[in-house]
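First subunit A sits with subunit B, and in the next complex the same chain sits with subunit C.
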Partner chain A sequence: MLSFVLRRLLQAVLVLLTISFASFMIQGKLGDPVRQMVGTSVSVEQREALRDELGLNDPTLVQYGRFLGQALQGDLGTSYYYKESTLTVIANRLPATLELSFCALVLVIVMATPLGVFAAINPKNWLSRSILLFSTLGLSIPIFIVAVFLMYFFAIEWRLLPSFGRGDTTQVLGLWQSGLFNKDGLMHLLLPSVSLAFVMTPIFIRLIRAEMIDVLQSDYIRFAWSKGISAPRIYFIHALKNTMLPVITVGGIQTGTLIAYTILTESIFQWPGMGFLFMDAVTRVDAPLISAYLIVVGLIFVVTNTLVDVVYGLVNPRVRIPGYSA
Partner chain B sequence: MLVRVLILGCIVLGSLSAYAAQIRVAIDADPISLDPHEQLSEGGIQYSHAVFDPLVRWRHDGSFEPRLATSWQMRDDNTMRVTLRDDVLFHSGNAMTADDVVFTIRRLKRSVDFKALFNIIEDVDKIDAYTVDIHTKHPYPLMLNILAYVFVMDQQYYAGQDDVIKFGETFASKNVSGTGPFIVEKRIAGQTLELVRNALYWDDESDGNVERLEMIPIRSDSTRLAALLTGDVDIVSPVAPVDMARVSRTPGISLSSIAGTRVVILQMNESRREEFRDVRVRQAMNLAINQSLIVEKILRGHGVAAGQLSASPFQGHVPELTPQYDLERAKQLMKEAGYEEGFRVTMMAPNNRYMGDEKIAQAAAAMLQKINITVDLKTLPKAQYFQQYDQRVADVMMLGWQADTFDSNNIYEFLLACPNPDTGMGAYNASEYCNPVIDSDIRHANREMNPERRVHALRQIERQIYDDAVVIPLYWQSIVWAAKSDIELDHVVNFLNFPYWGNLEVER
Partner chain C sequence: MSLLSVNHLNVVFRQRHQDLQALFDVSFSVSRGERLAIVGESGAGKSILGYSLVNLLSKPGVIDSGSVKFDGRELTTLTARQWQEIRGKKIAMIFQDPMITLNPVLSVGDQMVEAIRSHTRINYNDAKKLAIEKLAHVRISSPAQRFEQYPHELSGGMRQRVIIAIVLLLRPEIIIADEPTTALDVTIQAGILQLLKQVCEDNGVALILITHDFGVVSRIAERTIVMYAGRIVEQGPTLEIINDPQHPYTQGLLNALPQMALPGQRLNQIQGNMPALNNHPSGCAFHPRCPYATDKCRENTPGFVFSGVSTVACFAIEDMLAEFDPEGGWQGEVEDE
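Moving on to the complex of A and B:
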């Protein structure tokens, strides 16, 4: 177990180094941060002086070296716009994104599992066919169209739900601004998380259905039928458990997609989370914030996939991950 | 008895609500800091007008109205004496005096963004508690235009911690004490700025009745509009041209569109392209572009087709210089210049800076094709675009210019004067046009104290530019706000796009 964790840590460090290097390489291409922060009448000389002050005129590798040196001390730079440590800025926005992703994931699980299982058990049923049709639609419609449609109908036409922002939040445990514990916050959560869930669900329905059909034809299920075990037990205990193995793996990989989708969803609903923060940082060429965001997201990705591997080991004891001996 | 109580209750509630309006405003960019001197931007000045007061401010008709200054007169060519109000309190409780004005002007001279405007001021002296003398380096006709940017800051409050820097946190960027109609209650950068009415505000003539004003930056045009349509916010700006028809159709929502002064132009780089050095080619290009069509089709009428640089409130504006569209004449000129077969040029434009910028660039490219000029167009987000713009990487470039002084000469200085890195003149002259006569006219107009002669000089420059077809003016961008119908926006928004929120009246 220890060597597994160590190996993963080493991988994480490599991943983060690569990400930070890549984020530095693109910085010059995004535009001049100084130009974004000054009025039009500020002279070229003044701008150059500011660039010098920020060290932007040094060679990229020198800048990168300086960045790594500070990063080793836990300092990922100061945001130009927020004038605060980038990690603080991101930490302030993290709860909003985590809550949004969490709600979307709950919706995905609640919808995908029963629908996928149903479609597998009754492959010829008209309902199964419509589930599949729906999932094809969901796969092929981009999320911003879904989000804009939902906003148009639910917020503008029918006036049922708010159109932007996070609404009221409550302080939880003194460190978490949460929108999950009051009505206004939940109302605000609904549209963005449904948009996210709408595009994430189909792939899981299809995956669960395909795997389940496969599993239902395996020998041990037939044996279970012949032993006379009840249908619900066969479907939901014996078959579903094995169906879940690939689903968990794909779920881990889908974290990346989820993060990408939160950027779009948050921009459309003006959701004050990390994705929106990132889009804003890109328009403002807030370079330190862009790098820090990419690194934090890289870290989240590595952590989620490590957790997925651990869970995989728990669900399926037959699997031997190198270095992981439970 | 019960009925009486109820009636009384209704009256009390009614009178309360008349003075308790809560307004939420969604804008596209919030001020980057609570320090009014940190950035000279539209968002920053809009904020300053709510939380601070300038010495003087513009009226809707283009004249100046006294604010913290009650009167001003020239003592000699280089000195202006300004008398201040004596009944003004800062939000901190300190009284506003001449010391604060001296402090503010000296601080402005240190600000990276405001330095260029305030450079002209040599120094400022306190005469007595409510009088200051402002000394300029040479006679300067635009003193009031500059004083409209002096948002007086509380010297005692900021004493010892008055750094004004661009990058990094300062006391002033997070703490504020102004004299304005609103007091900052809470700011979350990039999310909200909550203001409450200043109960001790000095201006009793103001009919403003907004008790709480919340400014919310919403980046995306469609989300901002949706927030208004759903009633989540009360006022929004800007409104994208494609949405304007929809907004005007919606009951309960009204649109305010005011002719603005930001001019959007195309600059033809004469040092990159030999063809552009021929005045006939430049004239032909001007004639080939149909400005009115662009305004009508792309901006849906929310702009004014421009044939010159100065918008009509500006002193350099010459009413006769209207945009001309004459394809036959353009072709004729191209033929005379020896370019009947045309040529190929590169063109760049931003795609998220000016109203409809990308579509307008495409339209202009198509129009130039009619006189056989083939345009390779590239559009970029503003952050990348202006980096390229500074390097002058394309033959034709789009630029929008808002004169900070709201005076023609500012446009000429930055866009037409011979580029000179030492003086900063011609910093945005991507035409690389250089005419020493115009340069000296510009310098002259900057010192001319006689209003009539100055107007004449400015118009002279404008005519010269028109005859020389130095740039292709396209349009003056309109300032568009939309609000719920019970909000009297027209009194508040102006051609400067600095709404005076303190005067906002809401009937609710």
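Moving on to the complex of A and C:
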């Protein structure tokens, strides 16, 4: 068990090192920090002196080492625009993005599982065919169209839901600005999370359906039928558990896609999260903020996939590492 | 009265353009506690017959006509709900490959307890006690520990024992075993067969053993049915069929056993292959491979005759029998000595 955890940690560290190096390189290519600091009215000699002082003339690897050292102490640089530690800026926006992604994920699971299972159990049913058709359409409609349509009908035509922003938030445990605990916040959350879920659901419907159809043809399912077990138990205990194994893995990888889609969703709905912040940072060429965002997102991705591996181990007894030798 | 009686069973696979018939007019019966073997090459329809008895044919296979009666009750018209009560409880099934018959993500215990609890009102602990007893009954070492384990932690032979234990839990009246030892190591096969035979004897359970191996048949079954291309071609007492096979196909099968060949000699085989479902020969389906085939065999399907040893569907046997005078006495040509 210990060696399993250590191996996972080593992998995570390697991935994060790669991401940090990439974002460090990006930072170096985005504009000149000296110019950002002193403007144009300073002589070339003075600038050179400043560059030396800031260590910008050191070899790239030395600079990267310094960057890494600071990063390990929780310092990912100072945002040009906010004049604040980039981590603080991101941490302020993190709850909004996490809540949006979490709600979208819950919606995806709640929609994709029953629809995928139904389509697998009744492959010839007209409803299954419509589910499949819907999921093909869903796969090919980009999120900004879905989001704009939803916004048009629910916010503008029918005036049922707010079209932008996060609404009221409440302080949770003194460290989290949450929109989940009051009506206004939830109303604001609805359209963005539905849009985000809408683009993620089709792929999971198709995945669950395809896996489940395979599983239902296996011998152990036929044996379960031959024992006289009830249909719901066969579908939801025997088959679904096996179906979910590959789905969990793909789910972990799809967090990457989910984060990418939050950038779009947040921009459309003016959602004050990390994605929105990132778009702003890009337009302002706020290099430290861009690279800090990349590192934080990389961290989220790595942590999620490590958790997914742990969950996979819980569901699949074959990968469980025995604590005792048999 | 027989426990299970199958009459004129026809199974077809419904296809868009044509129906492919897999079983033709199959009739046989099994008495309480009897052990019956169904023998034939791959593609003879043995497994399809097995599955059709518990209504687990894979789609698009359906019972087209005929009847299956269990204890006098017609099974072909049952609803899904009624089937649930028959399966496992009355008719149980053991599959070919124990490595894939148990659900990999559920523990042995879960798979045993759920079987009991879906047929009987019983609390978990009592069900667990029963399950561990059954594991011991099929001679699995440290059954309490096995109960907690997952299938991948057990060997193939052990898994087949677990499966037999699961099947016994519900005290079925018939067990259908579809090639239960084919996927196992030769050294383990004998043990599993012995166990299967013994548990059936101990509990008075009837056994339908589906196999391609006459060696297995002789050790277990009292009666044997030989199938070819979806039809029964011969049935009778096992010993007599083995000692004096009547149908040319049965003769071929027995002749193909390794012990029939001399050391160093090529093994005997029946020339040709089992016909595919969409390429069913006319007349007697065996005629393209039969050394005794005549024009009659190519055009007509033989009915059953009793040869004195077994019931056979073969014109050659029929003709031979016809040469007997019903009054007795040999009417055929007598060879000069």
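Going forward, the second predicted complex is superposed on the first by the 280 of 326 C-alpha atoms of A that agree within 3 Å, B and C clash if a C-alpha of one lies under 4 Å from a C-alpha of the other, contacts with A are read in each partner's own complex, and residues count from 1 in each chain.
In this section, contacts are C-beta pairs under 8 Å (C-beta built on N, C-alpha and C of every residue); 3 or more make two chains touch, one makes a residue touch a chain.
Values in this document were obtained by computation on a predicted structure and should not be read as measured data.
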Contacts of A:Leu139 with subunit B and subunit C, given as first, second, both or neither: neither
Touching partner for A:Asp280 - first (subunit B), second (subunit C), both, neither: first
Partner chain(s) touched by A:Arg318 [first = subunit B, second = subunit C, both, neither]: second
Broader residue contact with subunit A after superposition on the shared chain, subunit B or subunit C: B
Touching partner for A:Ile237 - first (subunit B), second (subunit C), both, neither: second
First, second, both or neither for A:Ile253, with subunit B first and subunit C second: neither
First, second, both or neither for A:Gln217, with subunit B first and subunit C second: second
Touching both subunit B and subunit C, residues of subunit A: none
Contact footprint of subunit B on subunit A as seen in their complex: 29-32, 34-46, 50, 53-54, 78, 80-84, 148, 151-152, 155-156, 159, 162-165, 267-270, 272, 277, 279-280, 282-285
Subunit C partner contacts - residues on subunit A that touch it in the complex: 217-231, 233, 237-238, 241-242, 245, 315-318, 326
Residue ranges of subunit B touching subunit A (in the complex, touch as defined): 32-33, 39-41, 112-113, 115-117, 166-169, 173, 189-191, 216, 218-220, 222-223, 226-227, 229-232, 352, 381-387, 390, 401-402, 404, 414, 421, 424, 427-428
Subunit A contact footprint on subunit C (complex, rising order): 54, 56, 58, 80, 83-89, 92-93, 95, 97, 100-107, 114-115, 118-119, 150, 152-153, 163, 166, 170
